[in-house]
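Listed after this line are the structures, all set down as structure tokens.
In what follows, chain A forms one complex with chain B and a second complex with chain C.
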Partner chain A sequence: MGLLSIIRKIKKKEKEMRILMVGLDNSGKTTIVLKINGEDTSVISPTLGFNIKTIKYQKYSLNIWDVGGQKTIRSYWRNYFEQTDGLVWVVDSSDVRRLDDCRSELENLLKEERLSGASLLVFANKQDIQGALKPAEIVKVLNLDAMDKTRHWQLVGCSAYTGEGLLDGFDWLVQDIASRIYMLD
Partner chain B sequence: MMIKIGMLRIWMMSRCTHLLLYGGSVISCMKPDACKNLVTMETKTIRRRLHHKDVDGRQNEYLDPSKFSGHNEPLVENDNDAVHAKGYNRSKQDSDDKKKEVNLHWTLLLSNLTVQWSNWLANIAISSVSVVGRFLPISFISINEQYQICLSPLQEERLRNLRERLKIQFDGSCSSHQNALKQLWQSAYPDREAPPLKSESWKEMGWQGCDPSTDFRGGGFVSLENLIFFAKNYPNSFEILLHKKQGTRAEWEYPFAVAGVNISFMLIKMLDLKSELPSSKAGIRFLKLLRDDETAFDDLYCLAFCMLDAQWLAQRASYMEFNDVMKSTRTQLERELALEDITTIKDLPAYNMLRIESL
Partner chain C sequence: MEPEEGPESKQPGLPAGVLDPVAQKKHAAMLDRLANLHQSRLEQSAARSAAAAASPAFESVSAFLDRFAESRRSVEAELQRCRALAADLASAPRLKPELEKVATSIADLDRLVAENSYFLPSYEVRSSLKAISVLKEALETASAELLPRKKFSFRNKTSKKDPGFLVKQIEETSKAATEKPDLPAVRDSPGFRNKEGSVFIKQFTVSEEGEGDFTLSDLNACEIYLKGRLRSLFIHRLTNCKVFAGPVLGSVLIEEVKDCLFVLASHQIRIHHARATDFYLRLRSRPIIEDCNGVRFAPYRLSYEGLEEELRDCGLGEETGNWAHVDDFKWLRAVQSPNWNVIPEEELMDTINASDIKEQIL
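Moving on, here comes the complex of A and B:
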């Protein structure tokens, strides 16, 4: 029985995925996490520091690290890179003025060696807002097609406000990570 | 007590079902004679357990869910049973096979019936207990608390007004909202002219970017009102916190204005102001405060800000620990609100922090 429970524990541990949510401030990272988890999204304040949330998703347990997007904190993101299985980059598609900033931050992030194996999901958030750039346009602006060919990436248009697209994105991310890590299952 | 007994019964039922169901699946892959023995063993085990429990009176042990965490127990239990069944089987090998089969048939039928009955009974027990368990105490408490509160028309109106305020979204295109931002700037930096709506200068006050309007998020005009109220009514404390004048400051400080927005949202959640009638203890206590204090929410906000800063210093926290500090601030605030004889904000022990104003 002892051995059995140990094996189960290891098994359980194996099914964990570590996911890092980053992006500029006010892009909707916290809202996405809360919406996925079915929590109230009407009272959300700017994230100072970070939030950790563990969510059961399909048969996996997602350990989501939602780190604030404030400029002063961005250099601090690197402290969270270790053992990251999935990277979620959230873009405010309606904030056209900051898209350049957004692209350069993402480029910097992807240079990071510790993140080289992580699957990248880009959420083109706030699609419900009028005037928001469409997912295809965001791919162009962020120059995602020029990305390193070894990187697994996907861009999904979504609205954390309505919830649209969120599950599509996470489905892809979880499947992609699972196919890399848990191939034997 | 009733609920305890109910829980016990559910557990007993589920145990029966578990053992029998699992027994059933083992049976299918064994010889008929072994099956019979196994079935009888199962029923014996169950009886013995039932008896054992009734006599022993160790209810509490069985009520601990960690001791029968569904996954492990049936497996282990059945392994033992199978071993027992083997020994039993060998000693009785000479018995009449036909008789066994008839017996087996009846026992199987009987066990099936028992499974169904126990399922049925367990369902009834579960539903009734959950109904009783959920609604009785809660309705009892809320009725009790509601009688205690007895909102006066004045309190009701104040609560209604506060709720209306919480609904207002910050709108950067609305001139009164723009003026409010300017007003906040002027109270914070009386000698400097207010910057345009988008300016790097806003970061000095602790906004995340050059456009404060993005920091109000979903709700939010109330958090600007809170900050203005703080600056107006407790100017000394406001200045101390804004310029981080007190204590040994961290290398990486929390941004003042955005922390303020976080406090507003924390209070809204803690006081349960978005629901029809507050169900949290702090929320119910807060309604009492509204009796004598129309601005109870804003006063509580100022107090919470001071408490947050004090906690920040006491914990020697740095930026990344902001959420921990916020949590302990909330806990402290809830504890103080739960104290006896609190009728106004001034009765709260932490109010001392705001007394600096009168010095």
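Moving on, here comes the complex of A and C:
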């Protein structure tokens, strides 16, 4: 029995998924996590460090690591890469000026070997804001179509403010991870 | 009995004492079973030959074809009948079982071909199977027409929008992309940009299209009044400016400002690369600074007609004291960061009354 199959067995028993939420500051990572967990989102402070949330989702238990996106602490993101099953990249679709930053940070992240097997969900957040770029435009700007063909990825437009699109995104992510790790049980 | 038993027990292979009554019984039972088995085999083969005798004609191609054609006609007739039923509203509930019956007949036909395929020429097998698939298709179209299912659709994030919208949106983006590959430049959000020494007044009204974001960038020595509610505010590269704003429902992002004054109310505020700037804030969360120095903080000081109500609508009706709880990402120690401080009482400016400042056509 190989190591991989042992790991699969252990994961299967616990039905756990480890999900890493990253993205530039002000993109709405913490708001997404709290919204999906049904918590108050009106008094969230910018994340100084990280938050961990364990959420029961369908029959799985998601360990969501929500890591702060300020420039100073982006270099610490790599401390959270180990054993990540799903990567959630959050984009502020209304912050047109920093989309270049957003793309280059994502590119750097995807070069990371420890994340090479992780499913990638890109949330085009803040769709409720007038003038925000549409999901199809975000795909273009981030050049997602040029990504490595082996990567499982999906871009979902959402609004953490209204909650729209969040479940669509997480449904895809959880299904995709489940079909990889648990082989669709 | 005794003398007879004697020689028997001496028989080789059946030693006396070993062949006790239990074993004897077993032996008898076994013989019985064998006899039964033989008998049933005989019976079965007799039945088979009888059956073969009863339908000797069936193992012929023409007989099969006749029967197949007959079944096929009956299925077609049944389908016709279903269509007639559908035309009559009263009999509509009977439609479903009827259609199911047709499906069963088709399945029977399928089995008939399979059972007889061993003696049929391959052409006949193929053409029969083809005929069956035509029937299946006919049934499917009939049930789709006659019994429309509830519309099945994937849950779609854009379900609220009309389908034409999506197409239009894709067309638009592809058009935009072909015209200018640099998308961000095409779609600047509303805002004031690249100005010097001006006064800007903007009144935001709650409109049907909802609240939007607003940008102030590359301004020098300007005075900006933003009255009314905003969804989010981006501020980039301002020097020597004064910004007075009504409540921002979401977040404010400030980068690269110098020698400025900001009076802002918002859910969140992030300040990057600010020098020598004063902030008068009301916030629902803690403000953060990163790469700043000489920044000072104080409570919100703005008034105009209707501001109080707007603040309340945005959950900013009450002073939270958060303006003084600044997190400095460049100073993660417990002692006070040298990069910021609270504006002392005697240096606080007076509350700005912007009631008389009206939007002008600039």
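Everything that follows uses one rule, which is that the second predicted complex is superposed on the first by the 171 of 185 C-alpha atoms of A that agree within 3 Å, B and C clash if a C-alpha of one lies under 4 Å from a C-alpha of the other, contacts with A are read in each partner's own complex, and residues count from 1 in each chain.
Quick note on the criterion: a contact is a pair of C-beta atoms (placed from the backbone, for glycine too) under 8 Å apart; a residue touches a chain by one contact, two chains touch by 3 or more.
A quick note: this is a predicted structure, and the numbers were derived from the prediction, not measured.
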item: Simultaneous placement of chain C and chain B on chain A, clash or fit; value: clash
item: Touched partner set for A:51, first chain B, second chain C, both or neither; value: first
item: Touch count on chain A, higher of chain B and chain C; value: C
item: Partner chain in contact with A:76 - chain B first, chain C second, else both or neither; value: first
item: Clashing chain B stretch [against chain C; choices 24-32, 204-212 or 276-284]; value: 204-212
item: Overlapping contact positions on chain A, where the chain C interface meets the chain B interface; value: 25-26, 42-46, 48, 70-73
item: Chain C residues within the chain A interface of the complex; value: 155-158, 169-170, 173, 176-177, 183-184, 187-190, 209-213, 215, 217, 231-232, 234, 236, 250-251, 253, 267-268, 270, 272, 284-286, 288, 290-291, 315, 327, 329-330, 332
item: Chain A to chain C touching residues, read off their complex; value: 25-26, 42-46, 48, 70-73, 94-97, 99-100, 126, 128-137, 140-141, 156-158, 161, 164-165, 168
item: Chain B - residues contacting chain A, complex; value: 71-72, 75-76, 208-209, 214-215, 217-219, 223, 252, 254-255, 258-259, 261-262, 264-266, 268-269, 274, 319-323
item: Partner chain B, residues of chain A touching it in the complex; value: 1, 4-5, 8, 25-26, 40-46, 48-51, 69-73, 76
